[in-house]
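Next come two complexes, and both contain subunit A; in the first it sits with subunit B, in the second with subunit C.
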Partner chain A sequence: MREQAMQLNTNPLQRIPGVAVMLVLLCVVFSLMTPGFLTMPNISNVLVQSTILLMLALPMTLIIMTEGLDLSMGAVLTLTSLIVAIVALATGSMVMGLLAALAVGTVFGVANGWLVAVVGIPPFVATLGTLGMAQGLSLIVSDGQSVVGMPAAVRGVYSGTLAGVPLPIILALGSYLAFHGLLYHTRFGTYIFALGGNREALKFAGISARGLLILVYALGGAMVGLAGLLMTARMNSGHPTAGLGLEFDAIAAVAVGGTSFERGNGWLLGTLLGVVTVGVLRNGLNLLALPSSIQVASVGLLVIAALFVDGLRSRS
Partner chain B sequence: MTQLAQSKAAEPIVRAPPLFELRGISKEFPGVKALDDVSFSVWPGEVHMLLGENGAGKSSLMKVLCGAYRADSGSFHYNGETVEITSPADARKLGIAVIFQEFSLVPYLDIAQNIFLGREPAGRVPGTIDRKKILADARRVLDSIGFDIDPAIQIEKLGVAQQQMVEIAKAISQNARILVMDEPTAALSDRETELLFALIARLKADGVAIIYISHRMAEVFSLGDRITVLRDGRRIDEVKPGAVSSDDLVRMMVGRSVDMSYPRTFAEAPGKVMLEVKGLASASGITGIDLVVRQGEIVGLCGLVGSGRTEVVRAIFGADKATAGQILFNGQEKSGGPDEAARLGLALIPESRKAEGLALIRSVGDNLIVSALRKIFPRGLFDHGKSRQVANDLVRQLRIATPSDKQAVGLLSGGNQQKVVIGKWLAAGAKLFIFDEPTRGIDVGAKAEIFALIDRLVADGAAALMISSEQSEICHVCDRAYVMRDGQIAGELARHELSEENIVKLGMQHA
Partner chain C sequence: MTDISKPITGGRMLLSDEMIQVFYRLLAAFLICAALTILTNSFFSLGNILNVLRQASLLFFIASGLTLVVLTGGLDLSIGANVAISACIAGTVIHQTGSPTLGVLTGIGVGGAVGMLNGVMVTALRIPSFIATYGMLWVLHGITYWYMGGETMHGFPAGFRQIGSGYFLGLPIPVYLLLVFLAIGTIFAQRTTWGQEIYAIGANPVAARLSGIPVARRLLLVYTVSGAMAGLASIIFLARLNSAEADIGESLTLPAIAAVLIGGTSLFGGLGTVFGTFVGALILTLVLNGMNLLSVNASWQPLVTGVIVILAVWLDMKTRRRAA
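And now, the complex of A and B:
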């Protein structure tokens, strides 16, 4: 019993198959079907395109681990992307744009956390409400028009490189490492496991679940602000539907990555793999010149397939 | 010790004052007096048993102790000094730790992180945890209670008994001097129970005071230094185990004399064979199971936890797929799954009523008729009047104590919930009732009622197969019993052979 337990514990690879098998399978299939898939520029392209999704999926993992959900991420991303564009256009400063976006994103995150933790509205409903508000605000601030004419510094965030590595990759990698450290090596991370796993235990330890929840959602909002900068940089403009439906991809990536919606069972590396899997899937279908409607359906299918495989494995 | 044991809590103490004492604690909720002038004390190195039926006030007292409830009146004394407990933090500071039945552990954190939840040693970078130190500290605590396990193992990977050890380690790490345990052996096997008792002896020797809540007479006598009996929120008496019999205690708990022999009308002649199992085996490890249940019989299925009892009834019911053998129900071969079993008239009443048997937030009426909808409304149209009539008939017939058929099942006592489960199957037309630990978590008075109900069912032409770890129940209630060992039937005991001694012998002996 004891040896078995230790073996399981020291071998997180046990949990990989669902998502990793899927990723490898997709890569094999796409490289056989399209000659352009397995090339350095395309691989780099997939990774760079996945960075925005990763920035949403990382905090989404923590939120889901608290048995919560943030449906507002896509809409808030649209809003923060527009804020970056508008502020950068007005001030000529990328940094000012970023700061404004971080502020707006954090406000939405705190609002989500407050509604969930203090008011006690179920996360699904609370964040559905803020989704609507962010969508409406996006239309108001942009007047339904794209915001164009970005300073070069904005564009540079997406196209620039550092020591040959694209800046978005560096930002994404930094974010991943920061979240990894946060989840696995800090008190805050420990308490996130407890928020979903056993909230009573936290209460008995004298720790306020409310404050923690607000912090988790606020962190999500801030990351959406950062992702807003990448989004604007990528399109070199602000667009009132830029982040449409990205919360779907983020939740899909988390689910594909093996994080459970119950009992605080989360896995950050799985989320990273999940994000790349979603990215590879969309890229491959793109190269095959399939319409985007097929892509959305495929991501849905991917989630079901991954959870199906996990379900089969946990049953045996 | 005699002196101490007999000194009433409110009287002046001659020797050292008790480590902890409650005097005249009362707690009232709208309409219910949960605790009424309860006094209670505990000395270091003592196990003080707290005994009472469900609803007697044990949980309320525990919640007052751990600071979850605030007492309306009364006082607390620690080493003779008056103290206040108004929050969980107060209780913790006094060294009071409660091990609830529902553990307060986080499944996907490891043992060390759980032991020190909220008290993690700080690492060099602010906000981080010193991983080396937390593991070393955890190991030291685990060693101190003699629990040899790697503190880096996730809670999720541990069994119930091991999780309980972690809970105890957690309490010890908080310098708990007063440990409150709520039915700690309820989910443990015999072997695990022995380990727990060894640990309790060790804690006693270290001077920890233990308040132990139990339903089991055997452990009350073997473990307790003193016994306090609660009933209806009041303290009935404090006694020493040597001075009373278990019948005395039961009388104090229920306030009336309960005949422990559970009246049973045994049929004069055996009825026709209802269930016949031949050479049954399943992937869960049971092999060569032969058994027979006749109409009008209650047949026991006993053996140690893990001997394969639950696996046998699951295979009979079709919840586990049989890999060999034959199941005949009323002479008809049964090969399908649970839906076929239910259609034929088999009812499986599992141990975890809450998880598998009932929709707790739905009403008594809804739960009673849910399995019988097709039978009551063959045309598929729901009729409220008729459904309430059927439900109310069952409530009356089974004597379910509920204000109305609209009450949520979750609000009923364990015994009445069990009756609702039985009623649900009865409505569906069940003929053979298979019970897995039908009286677990049910208090003494309700047990007698459940058995009276089962007795009426079988007298009316049904039959029952009953798993129970309480051997005295099997002996009192059953016509016959099969004893299991290592996935096989070790033997069958006829009515006149049924005794706890014979059951234990068959269950343990090596052929």
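And now, the complex of A and C:
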């Protein structure tokens, strides 16, 4: 067990080049091609815009480490963002909106985990089913309309600063540190590594793999609830299609960051770099005045390339 | 009932087990029909039943190719986006050349080429199918939106539109196409060596490889067929809607997967039939048609489809006791 843990800790270090080199290369190319890229406001813009993605990508890393996947995140994000908007509008309270979104997100997370762990449905189909449900619920609760007129407190979550640092950055850094601590410094984290790599060992240690899996997906749902608040604050409204497809950027960030889809070893710092890489790619293409459709296609290619490299690694 | 199914779950009489599974589903379809006939005035009319059949046939074209993929234990999440890109390119070709034949060939060709790329990613690059085709979904989505640039194509030749909206001897043309492809698909899967090899790959890929089946080539074939069927579906959509937009097939992926799973094809591969998928497409279309007639808001459709997908997998696992 200890030997394996050490292996898992040293292995990721060899991966640093991959995603970091890609990030530096993209930054160099974009700064040469557009004058607007390497400016303080733009860099801060990229980082602030990446915060929502990071909140999805952190739990997605854990889920992928368990050899799972959560395709419902984008649709659930849309739903929780709408819930924040509707509840904040009705009660005038940002906190009530956040609590409602956390609750709805967690319910979806638990449902995903239950379908995967207890019922035994393959994760990509179970979460495709809940994707449809969340998408439908979003249309139903919003009646297909935007929800506008947010209280100032909601907007402040995205535009506010604390000691000169934008609030979203603080929230994102806090989430990253929490996940880092959870994965690398608690027993729960060790179990997650075991869940992907060595389920037998968990059984011998008397740990319920089912309960753990449900917890992992539930954590994902709760994070999507938190991200829903940021989403609503950013747009200053709730919109019934706002977050659709964002789970793909999260999967891309995790894959680019070097977390394997088949071997249960994940790397959170890689995910962080992966999130920034996806953010830089979209921002750079945007500055080059390429349409958003090209951005979507490039993120798709990025995932396929990352998985191809991962496949090469696993064979060697 | 249990007397009949006992020896079958032992695994010897696979085909009759499949037939019993399909029979249950046909029964369910009849029950839905009966319920809708009682609940609504408009269900049991020739116009509506032909409408249901036409919609079910559109869903079947996409779902039939997907059935083969799922039989190998894989999944193709790119079919909806594939329909969109095939329809848009085929539409352009028809507009530029004025030849519906060239358009049909282009649509099926583009769909097949996309499917073949999926197959290469799964076999040569060894990327898990659901993630490879999910990446492909977004690549196609981006390319289609860029290609169309927000434009809509209108107005196709009247002869071409017959493929989607015409009638022959009182039945919609897509229904005849449905019968043809149902027959081809069933004969291919049940009566040819290649078809049986596809079942073998899904049941146990290692055993299939060891017994000399060219697994990579069969997988490539299966993904190409799935893509080509999406291309064919795109042509019928184009002919029916008489217009093409970048979002034309986007919402079809989940219903197509639902049709396959309702039809009793196991997500774990090796079990299921093309005919089952036809019944699955029929059941899903009946449910959505019924919701429409009962004037349930269309917003409920994705929710209901999602619930049905999960229920179908759950039922499949319960009845077959193949829990993973």
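Things to note:
As a convention for this text, the second predicted complex is superposed on the first by the 291 of 316 C-alpha atoms of A that agree within 3 Å, B and C clash if a C-alpha of one lies under 4 Å from a C-alpha of the other, contacts with A are read in each partner's own complex, and residues count from 1 in each chain.
Quick note on the criterion: a residue touches a chain if its C-beta (ideal position, glycine included) is under 8 Å from a C-beta of that chain, and two chains touch if they have at least 3 such contacts.
Bear in mind the structure is a predicted one, so any value in this text is a computation, not a measurement.
Legend: residue contacts after superposition of the two complexes on their common chain; A:Pro168 is shown touching neither subunit B nor subunit C. More subunit A residues lie in contact with C than with the other chain of the pair subunit B and subunit C. In the superposition on chain A, A:Phe248 makes contact with subunit C only, not with subunit B. By the touch criterion defined above, A:Gly74 lies against neither subunit B nor subunit C after alignment on the C-alpha atoms of chain A.
When the shared chain is aligned, subunit C comes close enough to touch A:Leu307, but subunit B does not.
Look at A:Gly120: by the touch rule set out above, it reaches subunit C but stays clear of subunit B. When the two complexes are overlaid on their common chain A, residue A:Gly197 makes contact with subunit B while staying clear of subunit C. Looking at the shared chain after the overlay, A:Leu128 reaches subunit C, while subunit B stays out of its contact range. By the touch criterion stated above, subunit A contacts subunit C in their complex at residues 69, 71, 115, 119-122, 124-126, 128-137, 139-140, 143-144, 245, 248, 251, 255, 261-262, 291-301, 303-304, 307-308, 311, 315.
Subunit A meets subunit B in the complex at residues 1-2, 5-6, 8-9, 181, 185-188, 190, 193-194, 197-198, 200-207, 263-266. Subunit B contributes residues 88-89, 92, 102-110, 113-114, 117-120, 123, 127-129, 131, 149-150, 152-154, 156-159 to its touches with subunit A in the complex.
Interface of subunit C with subunit A (complex): residues 75, 77, 121, 125-128, 130-132, 134-146, 149, 254, 257, 261, 267-268, 297, 299-307, 309-310, 313-314, 317, 323-324.
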